[in-house]
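Here it is, the structure, as structure tokens.
All chains are identified by letter, namely A, B, C and D, in their written order; residue positions are counted from 1 within each chain.
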Amino acid sequence: MATHRLINTTWHNVLGTIAPALTIASGDVVITETLDARGFDKNGARPAYGPNPMNGPVFVTGAEPGDALRVDILRMDPIRPSGWTISSLAANVVDPEAARQLPARDRADWLIDLESQTVRLQEPPPGLENFVLPLEPMIGCFGVAPAIGQAFSTATSAENGGNMDYRGFRPGATVWFPVAVEGALFFAGDCHATQGDGEIVGTGIETCFELQLRLSVEKNRRLTWPRGENETHIFSVGNARPLDQALQHATTDMLNWLTSGYGLSVAAASHLMGQVVRYHVGNVFDPAYTMVCLIEKRWLPKPSFAG
Amino acid sequence: MATHRLINTTWHNVLGTIAPALTIASGDVVITETLDARGFDKNGARPAYGPNPMNGPVFVTGAEPGDALRVDILRMDPIRPSGWTISSLAANVVDPEAARQLPARDRADWLIDLESQTVRLQEPPPGLENFVLPLEPMIGCFGVAPAIGQAFSTATSAENGGNMDYRGFRPGATVWFPVAVEGALFFAGDCHATQGDGEIVGTGIETCFELQLRLSVEKNRRLTWPRGENETHIFSVGNARPLDQALQHATTDMLNWLTSGYGLSVAAASHLMGQVVRYHVGNVFDPAYTMVCLIEKRWLPKPSFAG
Amino acid sequence: MATHRLINTTWHNVLGTIAPALTIASGDVVITETLDARGFDKNGARPAYGPNPMNGPVFVTGAEPGDALRVDILRMDPIRPSGWTISSLAANVVDPEAARQLPARDRADWLIDLESQTVRLQEPPPGLENFVLPLEPMIGCFGVAPAIGQAFSTATSAENGGNMDYRGFRPGATVWFPVAVEGALFFAGDCHATQGDGEIVGTGIETCFELQLRLSVEKNRRLTWPRGENETHIFSVGNARPLDQALQHATTDMLNWLTSGYGLSVAAASHLMGQVVRYHVGNVFDPAYTMVCLIEKRWLPKPSFAG
Amino acid sequence: MATHRLINTTWHNVLGTIAPALTIASGDVVITETLDARGFDKNGARPAYGPNPMNGPVFVTGAEPGDALRVDILRMDPIRPSGWTISSLAANVVDPEAARQLPARDRADWLIDLESQTVRLQEPPPGLENFVLPLEPMIGCFGVAPAIGQAFSTATSAENGGNMDYRGFRPGATVWFPVAVEGALFFAGDCHATQGDGEIVGTGIETCFELQLRLSVEKNRRLTWPRGENETHIFSVGNARPLDQALQHATTDMLNWLTSGYGLSVAAASHLMGQVVRYHVGNVFDPAYTMVCLIEKRWLPKPSFAG
């Protein structure tokens, strides 16, 4: 299991079938430094432009359509002492008439203290003088190339992942993507120092990270949507608008997981989900919204098929 | 501060302007036994019918349109050793084509062990033999009479509350409803032994409780949507379809709370919400869905106006 | 078949179970003068207030839950030479970011020329100097009392009708409403001199009319949603948000009509609807939107059950 | 103005930046034979596969990002005496619980009579024995390559056009697409013998056509969404889910057209649209739905900028 350093010289604003920047074996580890959402690097240079320029793609040998690409998020180290956000709620997350009253969408700067692992506004407005947040790194946009030659902007998301902006995509989490092209073609970028649910200002605290990920092929998993796991939960991810449809996708996928993967009948899975399911809201700013359906592991029967 | 026992002889399937079953002073405590969602009582008799027959209404002296009715959920004791659920996911929470494969929506019975404070299926299907849930009581449907003579089925929800099915409406929580008629006219019922997010089988574990609530008038609060508070968070509740609109209502209400109640500018509130907001999903089964927008109290500035 | 004149002294802002203002026999004709949406009458007096004050209710003898109330719109005569609209698109019908640029929602006055049967702005802005519209009267809000004691604001719509703002509700059209209470309790008001699809400024040209309607009971029709008919088409009406759900309601109802009423199999009805269905957009401004599903009569097989 | 025959040897399931099959000058005419939605040609051979294999792309010399590609639909001649549809309403256009009752989604064959210009089911079910439809040819899927290297499946639609399935895309209509890449890269296919609104069985009557189109570059039009024109109306097209958002896009685009193209103020455009706008429903089956916003030409002021 080798460790590779992925160094891009060009970056990508789509997840699609693009010539790989790196080829690795299943199970190898990739280390890479990401740009922020507008293409600035850790030194303040701007080698790329938004939306969300991606590192990659990484070709994982042996990955074929129908397989899953397993991504273990091993480590996320911030590598720039500054981040930025947008200073106003997005118009689409408030009532339409209330959108008339929102201020301009300016940029605001944040200071990232690598020692204390905290983040705070550079010029806090009144009332937020003591607003100091713990660093909670997460990946905003990652995924694999979609099927049949499609290529999706990194400003949105779909079955192949993309800009899901879910704060559960953090160190310690594992994510599986449905492989649709040979080699999977994995992309990642747009990392956040922290972020609330929904990314309702249109950004997390946008900055640069060194990512360490393990990429592994799991054969013939036949996934439809991204799935994940952390210390306590398994989860299915649905990406669509309206949020109702994202919820339908995530719920259907969890139902399929519990029946195919854990051997439950639909009725048994319904009982389980009905009383213990949790939903988390990912991005509600982009063209596709993200809803995550979670089940705590303690409620799961012994799996008939791992993951 | 007197304590009253509310004993209904008729029950109500709407929240509306109905002759009060009890009149109390602001700050008084009400104790009442609720029926289950189909109208069965703790003894298995059926004095009423669904949807969600309500106890009440309670007229709170001094409550006028523009005020808030504060409801402190002091205690919820289960009073029946059995509950029931529906045995299949609702058709509207899965992908439309997947709805074709769902089993019939039968009723399933659960045993409530009052001693161990746990709940389990009476006849667990394979894989759920060890599925024993802690009792986590919550109020499925409660609220006040809406404005201008409207009356809403207890199968849905709106600005006045109603069938929100949010598991955060539990002992220890406080909820404020916008008063729209003299006396507020408070209703409650449809309590659950536990429930997952979304009430995605169309029920929690439906049973009977003895509720103990304190009802207080807070003058001239000018609320639009229900608000709440628990040990750690404040929250705003939006009820609408699609879920996107429920989220818009809840987000707008929290924005208004942070600006009017805590003195933040819209930009400051945007910074706060953008990085620390949490969303919880209430009912996604009924005509109106419920989304809850929460802020952890440790992030709040000193309020300029309590609650 | 008698003809009655309905003269209200109070008006209603809900459709609900309210003491009747008039009792008639099935097949009788009712003539009544409506107020405008804010409660002004033909003389400029204001005996009532918005939203959409209703004439009625009319109790139709013999109407029982499960029946249909058939409403033939016989005549609509404008009785005031002036109307009004709102001067800006509603915020919810444009893209959220575009809502920031909309002008204030002021009132604009229109002149109704009863002789030429035309309507024009009193103070036309540049470019609209020659904007003279033919009078195309329609009923914005009408329907019957809903079930189980519910009462819905005249600012919205549901299974019982209400504020659907569909320009197909015009003289020559017939509409059936599902009767939910004894006597049906029919309400009408909020008539427009003309209106575009969607009522996207939040109003048609709001004015006063003399309405002439025939109200008839059709026993045991078991309707779920309002249905209608005109010279060329039959149609089903769905009211909900989002528009997708209104479309689902209307489409499902038309499917049921073609199978139950015209004896088609679901597959045959699918073929028919798939290739000849038309959709019209009613109100997209209110809490519930309205979608109308139409089939041209020439495509219909001989009905097994009329209407 | 030359006339070219476009003959594909490979077909495309995405609209994206693909090597052109033909290069033409602005104003030239293209004649081409399309495959049906599953890739069958006029002889019943299957040189390609679904979804909706596209002819093209056509590179139009001089087209640059920011320009519009004007497409005049000059002629559509059916070239196969048979078509097919799906035999059941799609699950997503009916109420979720009703989806459980829908029959299987089989294929049904139709006969296209080129002489009488009519279409009928090969094996009509009872009640549809006399169901003979006039041929009303339309283009289901066409458009240009999207920006920044994106490539979208021909099963959906977006700003660049795609699978909009609007019956207004018929001979006599003109459509403008926003050019996002050099040469525009125009694609077309998936033509229908006729189709109801919404494509609610998931197909029109799918067959092969000879298309004759004129493609012209209009410089610097700065379109966001497709626009069109026919003998009587101008129209803007929005593609998104839910239908509400498609309507917002189309309405916003028409507002921009009336203000930028016809010199109206936002208030004047609001007056015009509010009272005379019409909406047509395109595809409500695909991931993105299509809503069309139309204004009858007789209401338009003299344009300050054509088209």
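What to note about this one:
Heads up, the rule we're going with is that contacts are C-beta pairs under 8 Å (C-beta built on N, C-alpha and C of every residue); 3 or more make two chains touch, one makes a residue touch a chain.
Everything numeric here is computed off the predicted structure, so don't read it as measured data.
Separation of chain A from chain C in touch steps, taking the shortest path, is 1. Using CA-based centroids throughout, the chain positioned farthest away from chain C is A.
Remark: among chain pairs A-B and B-D, A-B carries the greater number of C-beta contacts. Centroids built from CA atoms put chain B at 32 Å from chain A. With centres taken as mean Cα positions, chain D sits 47 Å from chain B. The set of chain A residues touching two or more other chains comprises 92, 96, 102, 241-242.
If you check the complex, the residues on chain A that touch chain B are 85-89, 92-96, 98, 101-103, 108, 121, 125-128, 131, 133, 194-201, 203-205, 241-244, 247-249, 251-252, 255, 262-281, 284, 289, 299, 301.
The part of chain A that touches chain C in the complex is made up of residues 90-92, 96-97, 99-100, 102, 242. Interface residues of chain C, counted against chain B in their complex, comprise 12-14, 16, 148-153, 240-242, 245, 287.
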